[in-house]
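Here it is: the structure, laid out below.
As written, the chains take the letters A, B, C, D, E and F, and residue 1 is the first residue of each chain.
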Amino acid sequence: MKTIEVKKPSGYFTQIGPAHPALKEPVMFNLDVEGERIIKADFAPGMSHRGIEWMGLRRNCIQVIYLAERICGICGITHSISFVRAVEQIAQIQVPVRAHYIRSIVGELERIHSHLLWAGVAAHELGFDSAFYLAWRVRENVMDLVEYLTGNRVHYAMIQIGGVRRDITREQFPRIEESMKFFDNAYDQLARVFLDDTTVQMRCRDCGVLTYEEARQLCPVGPTARASGIKKDVRVDHPYAGYADLDIEYMTPDRLTGEVRGDVYDRIVVRLLEVKQSIALVRQLLEQMPDGPLLAIPKPAVLLAKLKGAAGEAVGRHEAPRGEVMHYVRLEAGKDEPVSWKVKASSYSNYLSWIPMMEGEQIADIPIIAASIDPCISCTDRVALVQDGNRRVLTKAELHRLSVEKTRRIQASLSAR
Amino acid sequence: MSVNEILLAAGGALIMAFFSMVGGLWFAGIDRVLAARMQARIGPPVRQPFLDIAKLMIKQNVVPANAIPWLFNGAPVVALASAVTILLYIPMAGIPGLPILQGHGDLVLIMYLLILPALAMVAGGLAAGSPYATIGAQREMVTMIAYELPLAATIIAFAWKFASLGIEHPFSLATVAAQPVWTLVGPVGFMGLLLLLVTMLLVVPGELGRIPFDAPEAETEIAGGLLVEYSGRNLALFTLSLAVKTIVVTSLIVGLFFPWNLTDILAVACCATTAAMINLAFFILKLLVVMFFSVTLVRISVARFRINQVVDVYWKILGVLALLGMFLVMADALF
Amino acid sequence: MSTMIMRHLPALLIATPLFAAFLMPLVGAAGRWVRTAWVFLGAALTATVGLLLAWQVFTTGPVLYVFGAGDPTQTLPGDAAFPIRIMFAVDALSALMIVIASCSSLAITLYSLNAEARQSGLETFYAMLFLLVTGVLGMVATGDLFNFFVFLEISSLAGAALVAYRIDEGVAVEAGLKYALLSTVGALAVLIAIGILFAQYNALNIAALASRLQFTVLDKVALVLLVVPLAMKCGAVPMHFWTPDSYTTAPSSVTAFLVVSSQASLYGLFRILYTLYGSLLSWATFGWFLIILGVLSMFIGVTMAIPQKDVKRLMAYHAVSQTGYMLLGVGVGLAVLGNRAALEEFGKTAMAGGLFHIFNHAMYKGLLFLTAGAVFYRTGTRNLNKLGGLGHTMPWTMVFFMIGALAIAGVPPFNGFASKLLIYESVFRFSPFLAVVAMVVSILTLASFVKVFHSMFLGARRAEYAAAREVPAAMWVGMALLAVVVMAAGLVPRPFIDHLITPAVNALCDRAGYIATIFGG
Amino acid sequence: MTFPIVPDLLSSLFKKPNTNPFPAPQLPPTVTGLLDEVNQGKAELNPPVPAPERLRGKMTYNRETCIGCNLCIKVCPAHAIEAIPAVKKVRFYVSQCIQCGQCTEICPKQCLALSGEFLNASHDRYDRSLIVER
Amino acid sequence: MKLSQTLGKSLWAFLFNSGSCNGCEIETVATVTPRYDLERFGIKVVGSPRHADILLISGPVTRKMAPRLRRVYEQMPDPKIVLCIGACGTSGGAFYDSYTLVGPVDQVVPVDMYVPGCPPRPEAIIDGVVKILARLEAAEKSA
Amino acid sequence: MKLLTPQEIADTLQAAAGAGFISARCTEWAEGAKGRKSRQVWLHITREALLPTLRRLADIHYPHVSVIAHADTGAQVDLMYHFYIYWGIPREEILVTLTISLDKSDLRTPTITGIIPGALTSEREKQEMLGIEVVDIPDGRRLFLPEDFPEGVYPWRKDETGIPPDMVKELWATGRDSLQLDDTPPAPTPEPPTA
């Protein structure tokens, strides 16, 4: 059928910043396409570069927690856990075990909500809105639970250096168990809708493949890596928080399908399996949670004083829904604010995998492939075929010049306002 | 045609245009409400499409700099006008005087007229000069090619059946209405017709650019595709033309496959006006049922196809099904 | 006077363009305006004569004309010795072809007045163009096989010269040579066939031959030698390979007329199958032969066309594809020629569709080539990848192109739809699958032209074509003329079918009638 | 070919929708008219999804007990608190507050709390209702 | 022109993320899902600014996104409405000072309604929309 | 595969770094009730020793590169290359950090993408954010910063090439200065309820 498609002359240059009514961090794709096929893919992130690390060097450690939380609104707890773990190691603060468990519980609830959110977005990218609505309808349950436990649906503000700020009390357990029951059922339904549907399979099987070898070299993390058969999961590899006491398994697609293909479908499989895994983990954590205090240093003012005296460097990590997040922190004595703070978000590690995934696929696959690593893209720049009529391939230098000019022009007009 | 006839036809066409737009929007509203309900939502009020059109009419009508204005603005008008025109050829519920252009066109003409609204959208999309719209227009063209095969096979199969029985005007819808095709075939032909029915039900979403065949408009891929640059009145006209087209294709299916009238089935005897009213109501009900199964239910229960999959589905699956159906209808004569 | 003219119309039909051609070098020396006036006059007169003759045929029946006889309408003396005189036998089919050639030649000549004005050597150009017209008119008007060969040669040589006319382009010369070579080889085959027939039956007159033919082995050889070159000349797959080259390199006005000349070959093909061999043939076999040629041409033509980057090359492949429709329609007619019921029920409709398509194709394809020429005239390129945004500056050309494109794609209410409708609605009775193929090819054609339309006319204005303007008046008129015919034949096809096509169909079926006309029976 | 969502869709047709009809199931003929009626007690709005006890909404501030120690300002990650040195009090900008609640924890006098009020939209981000001073 | 009569009953929304943390973006998307279902008010999320009546902006407007935000706003046909969702778009929120932010949103495009919160609950966003409708009606009455 | 202890790894890498070795330390950190420990190896080496050491590390187990962290220490910029080895073996993963210090007069470092292609993102970021030249980097374009971001300004540097104060926009201040607030304003008018 290829021959009678109405083809565009080959080699025209397209920029896609998917204008999604759906989510996430703006990213722009630069593509060479022939007809509907992608010859070469490149991307330009940084649309939402807010200079968070730089801001962090101007705030004290407690303020940085909330800044870290707002690196990403999907995992409201990931970055704060990572950051405080680094600080705790530097200041040698021993966190109460109960606090570790609470951190892990919230972390797993977050994984459930994030994976459901992702499933919905992926379905929406496929034009499968009923599945999107279904996933998000189910997700509201965990959102309610999280709000009930933390007081906010997104940025939980649960984490404090040296522990957690709010308890999960015995009275709250039944409500949690009720949700877990709900998700047991919901999982079956979601798995059927997402894994058995013919059209989903048509769109996702063997689309956007990342092989094991590519994955090893490009170092993606989380479900993106695991769907390609890379067994990597901070919760398993690296004993921390409540997870240190559990025996957790790597979730790879072969557990369900018996094979690893590394395609979009496998990424769906991995995430669904992880939802199920998270339900079990929450139950285990609740069961094993010891009593005890919540904070090593209950008074924030005292904590600030102690941190002022701490010095050294450390790395804090957490397995976010999208994979490993890691914060490198360096403190110096006598300073309220960190002297160095490097954030590595999960998508940061996963971006590069887009290139092998996209090349050779079709324009129509861009949204689902882009979404399959669960980045945070939401692009509002619309496809702009570059310049007069779409047939010129611009060189990189030209493109750069053009964009500089354009940005300047617009900014001039902005400042003139 | 005499002058009188022409005037009558013109008046009839205007009335038809009005009712088809109102009906089309009402259908669109029902479609949205049903879809919402199935997705466990309350959904908009049924009159929402009317409100949308009213809103679009007061909005600014932007013509992009790269567009060729008369083509860009003309395309929506052509789309709507041609969609309405098709209706003038389709008989409805055996109501006397309908279709207005009875005897002037037949199935093949309708099939080709069906191209026009889509073609107007393609022209408008291309005229917009925007890359998304261009991709969308190309995809629309490919989709049109794709569903043409099953559509053509179905129509030819019908005509063949009638012609082989020596019935005059095998391509006329009036012929089908007079003799429901199901009554003319044996079991083998019946199977064939079932296949053709399934095919046609799935040609509908393609004709209307609905999921899973909405690659030309795919919102998450190309942000509305064809229509990306349209706004205001032009967008309203395109929306209307799609609404009218919904009536057109569902009427076509009803006309081909379910031409029975309620009065005939129940053999009620009543005055002509009452009969017409009853039949019209029944006809609308049939349209709604067809729309529910071929548009609403389909569009919310599957994922969108890639454009090459659209072609594969229409040619390799539905095309083969339709040809098989045609073959069975032909083979039926041997038994 | 007027009766005099009416009596000698067939002679004038050839004489007018021939005269215009021969005096061209002389007139050309008299300056540009005189030359232009002469060309215009020649074209207008030729067209008038052609249309008058056709009118005469349609109103009063076939016209027979014998050059050199005391009474030019006198028929052959009984079964006298072989006729040496040139004899024209213009029946309704020929008349249809004459109408086509007249209309196109007028529009095209008008168009070329502006389009070619910038070239040198115009005298030769116009002389050749008139010769081409002469050849084509002769081919369709003659009732004599040898004359047919002669006119075929005339049109071929003039055609070759015109293809190679832009000598500055190396490819043009090559294409011209190719065209000449193929035509010559083809013509040679025709000549041999004629020789074979003459040797056996001592006759060259089609009617005479038809009445005497025994269908010996040699006759069969002759049949092949006639059919193959003519199929090639009309551009049917698998002998279509020459079309893209010649159609592309020739100046657009010439290309538009080459289409007509190809159709004259098609006419020859039909004449030979229906009239010359007629009842001797196994109709089903030859019908299927035409049908298969047709379906192949349709499908292969369109699939080859879609990826083309050169507008005219693309259009050339579409010409191949459209020829397929004509072959299909007429082929179905031929296949059921022996079955009177089927013939009446759908065979004649199919033939009408095929013949009507010949007419329509000449009009819209001519129009399309002219618009391509107009674009080339203003931009200097035919490359679709380089063109764009011309809709802003050449709106009329764009409209004409749209009309042509919608017509070739068979979109109602343009003329392509009218003839295709006849084909669809009859062919399906013969074999439903053929109708489905025909419909699908039609939509593919549409897709291809939408793409071309977009590439040439839409999109942002381009800096390199900022100077492009609408075409000059004569070109405009030439295109408008064809566009009007295209619209008219689409909006009200009935009169065209009733008065032009149906008589032609009847003439084609009525072999005995043709023979009788000539023998005055 | 399987379409596992279809049974769910069809059965939903006969179930109550999942939607919480806040503030009204669909748009009233006029919004202002409805609000007027609500004010006059003639109509009622549907409530939002019940907010949990811990919900962190709009700031409340007890100006009387505040001692102006400015500790809240030191930890506020959003620059939402402004000192009023003249009276040794503070002022909160609700449109800037990110509801982290850190200030309420550090405040030595417990004069701060986050209420459950969260419907704070306004056309002016410095609307008086969005500046908490007492 | 009966603005609110027609405009307010069929607001088509375009979502724009100007560099938010996604929190607000997600809560905005949540408003179209079954629990909240904005479509019952005739609000539909569209993929092209040309079709949009209301722009839902989240994020503090990064340097890279500012020109794009401006362009999207300009592409929207009149009349148009802007809703700014979340603390960081309203006033910077947690990102109150930076070298790469040019916000808040009202420094780039005019804003008609702010929804504070980090992020606001979906109902708070609905509340913002309803308040806009009320204002539209009020404006129409006074006109 | 025989798993090396952190100390053995440190020793092996020290040998690989040879003269480029500066210092090494191994740390542990336990969380949870069972006191299971996570382990880290920190190695300070010179720039020249980076590639040989990394190659040796890759021989032990193909490392997953996490990120290249940084710190501006005044006269120097420290780069911390964070790698994990023994990933995929429950609880055995070890974080290996190779620190190099670059003088501000000579901010150059070799690319490690030849060994681990996945480090590209981080290296591009170091170029634009710190003004470090990554020698032989396969793709040296900017990543996060806008195209029109001024040349020679590096956000993560704390010296004169860092962000100049006039580039910093105080978003919170927008419009606040124009507020007419006296210090004891009247009680806020209650918002008419919409809901």
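As a convention for this text, contacts are C-beta pairs under 8 Å (C-beta built on N, C-alpha and C of every residue); 3 or more make two chains touch, one makes a residue touch a chain.
What you see is a predicted model, and the numbers here were worked out from it, not measured in a lab.
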| query | Which one of the chains is farthest from chain A, going by Cα centres? | reply | C
| request: Could you find the chain whose CA centre sits the greatest distance from that of chain B? | output: F
| note | In whole angstrom, the CA-centroid distance of chain A from chain E equals 24
| Distance between the centres, which are taken as Cα means, of chain C and chain B, whole angstrom | 39
| note | Distance in whole angstrom between the CA centres of chain E and chain F is 36
| remark: Per the C-alpha centroid definition, the whole-Å distance linking chain A and chain C comes out as 67
| message | Give me the residue numbers in chain B that touch at least two other chains, ranges are fine. | response | 36, 38-45, 129, 132, 134, 138, 141-142, 145, 219-220, 222-223, 228, 300-302
| said: Where in chain A do residues touch two or more of the other chains? | reply: 4, 6, 19-22, 46, 49, 51, 54, 66-67, 70, 130-131, 133-134, 137, 155, 197-199, 382, 389-390, 407, 411
| Contacts with 2+ other chains: residues of chain E | 9, 34-35, 37, 40-42, 46-48, 60, 64, 91-102, 106-107, 118, 121, 123, 127, 130-131, 134
| said: With touch defined as at the start, can you tell me which chain E residues reach chain B in the complex? | reply: 1-3, 5-7, 9-10, 12, 34, 37, 39-42, 44, 46-48, 50-51, 53, 75, 77-79
| field | List of chain E residues in touch with chain D within their complex | value | 8-9, 34-37, 40-42, 87, 90-94, 96-97, 106, 112-118, 120-121, 123-128, 130-131, 133-135, 137-138, 141
| Across the complex, what residues on chain F touch chain A? | 27, 29-34, 36-38, 40, 62, 64-67, 69-72, 78, 80, 82, 84, 86-93, 95, 97, 116-122, 141-148, 155-156, 163
| message | Which residues of chain F touch chain E once you look at their complex with the stated criterion? | response | 145-146, 149, 155, 163, 167-172, 174-175, 194-195
| remark: In the complex, the residues of chain A that touch chain F are 44-46, 49, 51, 53-54, 85, 89, 95, 97, 100, 216-221, 230-232, 236-245, 247-248, 250, 288, 290, 313-315, 324, 326, 328, 330, 339-340, 342, 344, 348-349, 351-352, 396, 400, 403-404, 407-408, 411
